[in-house]
């Protein structure tokens, strides 16, 4: 079965992105497909490569990046939500005249249309938020 | 009277940082002192210089930076909370081996001791959160 | 020796206001800000609980937040006062401590 | 034609579970995850409301979240089932749609 | 599957301005309108406050996005279900909400109201008919 | 003012793990302990779940920080007030909580319990006695 996953909260503050990770991993290990994970609202903050959590805490960005690499999942960060919250890739930084970018490997920035498309193409949509 | 202000949520997602801004501004305009504003939890995200909100929405980071400049307020971002969430200044980026930093003008990163000190030195502490 | 209690969540969605009401002391004040101002609307299902407390404590609602949500001053539970950000500041100054119910 | 309702907030703190219970259909399932698993604890003040619904719908609590909060399987309201992340996936697959009560 | 028309329901349960969910949900609705799916919006619990008239955000200094709801008709988003019990419990009535309309192209472009007040029971029925339920 | 000892109360009303507030509150308590103020902790509403014994976070893959509460005594944080009504409403009893202790240096270093179960009324009294109330 094809699943779409929507993540509405950032790492650490709420459990949502962590629950979504475990769900996605279990879906893949149980023979389902997860074509895309869409990060919206504060969920975009999952995709920063600048976080440095304490050694004894998990690094959720790295876990997502690794899972995406292993299973070829499309991790999409909403551009509108990302702009508000200061999440940028190299192109966006250039376009907005910003001197730095912070997006992590395995994530890409795109429009809200990708969320709707995910809803249309998936058999099931599962939402994790606050 | 001396006020200390604690901000526990980031910009946009919750109203807390916005309410704290209006409160702080009103306190200063009404003859009180605000020595320090401490940003904790997701509040650290207020201090990113990479956000690009839509033209017709307010830019809360710029408002805080301007208010701090005008009234000489100390805007302190908690280092432990910032590390988890990917908020770095130039020194921290170097120390952590990161290739970019994102802190905005007028904010500085420091330890939780500054929150306790603010509590001790202020006549009143006001907390804004989720 | 009084406390200013600050509540910022809708009392229809979370227990914060209720928990606050369970811990206030006579002479304390409650300031409703952000989504908590929704609780100030007359004839809501919690209005009686709130009115009951008004002899013992003062309740204020932040005007800026009422306006944003389209709630007119004339629609409030009788006895709830309104204030602006400057009044918020004075409430903080005039009470000995603040407690935020987050 | 059934729905899997996913609730992630404590029913002692927010109305989400209550609102969900007000909108479920016979044959639906509710999965409690994150802080919502607190509601599964036997003898809590909402336990009777929850038990009442158990004839009509199924309620599951995520084991990983129960364990994290120190709640043993033997402490749950009778009739609430437990599941792991793989079971969560199957619940999603076996219902026609999911609805998250955020 | 991708050629089917799916039924999308946007569930709004949070008040505006205290958090950004109402605004960012509306942004999804506007983008989603281009995909020619069957779209409905549900307003229950504190979500009913999203539709109040007379919202004035000048003092809090953020954008007033409530006029955007009036544009939904032009995007062919014409089904806004508001739960009656949710209104009542909060001291609100239908007259406290904006009067939103759309032009019905199947009925000589007559202007018709977009908001339909439904009971809790009807709301549950509407939810159970959907393919995709988006809640933020 | 800076030479006075102030009474600090940390108010914990949220469950652990669903959000980070419990952990990040504990981090403030540990740092704050170095400032030699008068410190108390209050646990009410879902905050009482922070103290449950037997927490096992292996399956959710995050750090179990509940053992840290056992270290509070060594930091001279010895007053943990737990609200009785909050426990009861949630189906919990005092035996469900960790047994936390400190060594009383004024009483020959006897080991004494740190947790004191108080009524809602007593909790309100404790709150009203503070100089600084930190809630997250």
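A, B, C, D, E and F are the chain letters, set down in written order, and residue numbers restart from 1 in every chain.
As a convention for this text, a residue touches a chain if its C-beta (ideal position, glycine included) is under 8 Å from a C-beta of that chain, and two chains touch if they have at least 3 such contacts.
Owing to the predicted nature of the structure, the values given are computational and were not obtained by experimental measurement.
The chains touching subunit B as well as subunit E are A, C. Chains making contact with subunit C as well as with subunit E: B, D. Compared on C-beta pairs in contact, C-F and B-C come out with B-C as the pair having more.
Centroid analysis (C-alpha atoms only) places C farthest from subunit A. Interface residue usage between subunit A and subunit B, two copies of one sequence, is largely shared: over half of the residue numbers at the contact are used by both copies. When you average the Cα atoms of each chain and compare centres, the chain farthest from subunit B turns out to be D. Between subunit A and subunit D the centroid-to-centroid distance comes to 26 Å (mean Cα coordinates, whole Å).
One finds 27 Å separating the Cα centroids of subunit B and subunit F.
Here the spacing of subunit A and subunit F, counted between their Cα centres, is 35 Å.
Those residues of subunit A in touch with two or more other chains are numbered 8, 12-13, 15, 19, 22, 41, 57, 80, 125, 127, 129. Subunit D has residues 8, 12-13, 15, 34-35, 64, 84-85, 97-98, 100, 102 in contact with two or more other chains.
Shared contact sites, meaning residues of subunit F that touch two or more other chains, fall at 17-21, 45, 60, 62, 132-133, 135-136.
The complete set of chain-chain contacts reads A-B, A-D, A-E, A-F, B-C, B-E, B-F, C-D, C-E, C-F, D-E, D-F. Residues 1-2, 4, 6, 8, 20-21, 24, 27-28, 31-32, 34-35, 37, 132-136 of subunit E are the ones that touch subunit A when the two sit in their complex. In the complex of the two chains, the subunit D residues touching subunit C come out as 12-15. The residues of subunit B lying in touch with subunit E in their complex are 12-15, 18-19, 22, 56-58.
Subunit D makes touch with subunit F in their complex at residues 8-10, 12-13, 34-35, 38, 41-45, 47, 63-65, 67-72, 75, 84-85. Residue ranges on subunit E touching subunit C, taken from their complex, read 14-19, 45-46, 49, 52-60, 62, 64, 66, 88-92, 96.
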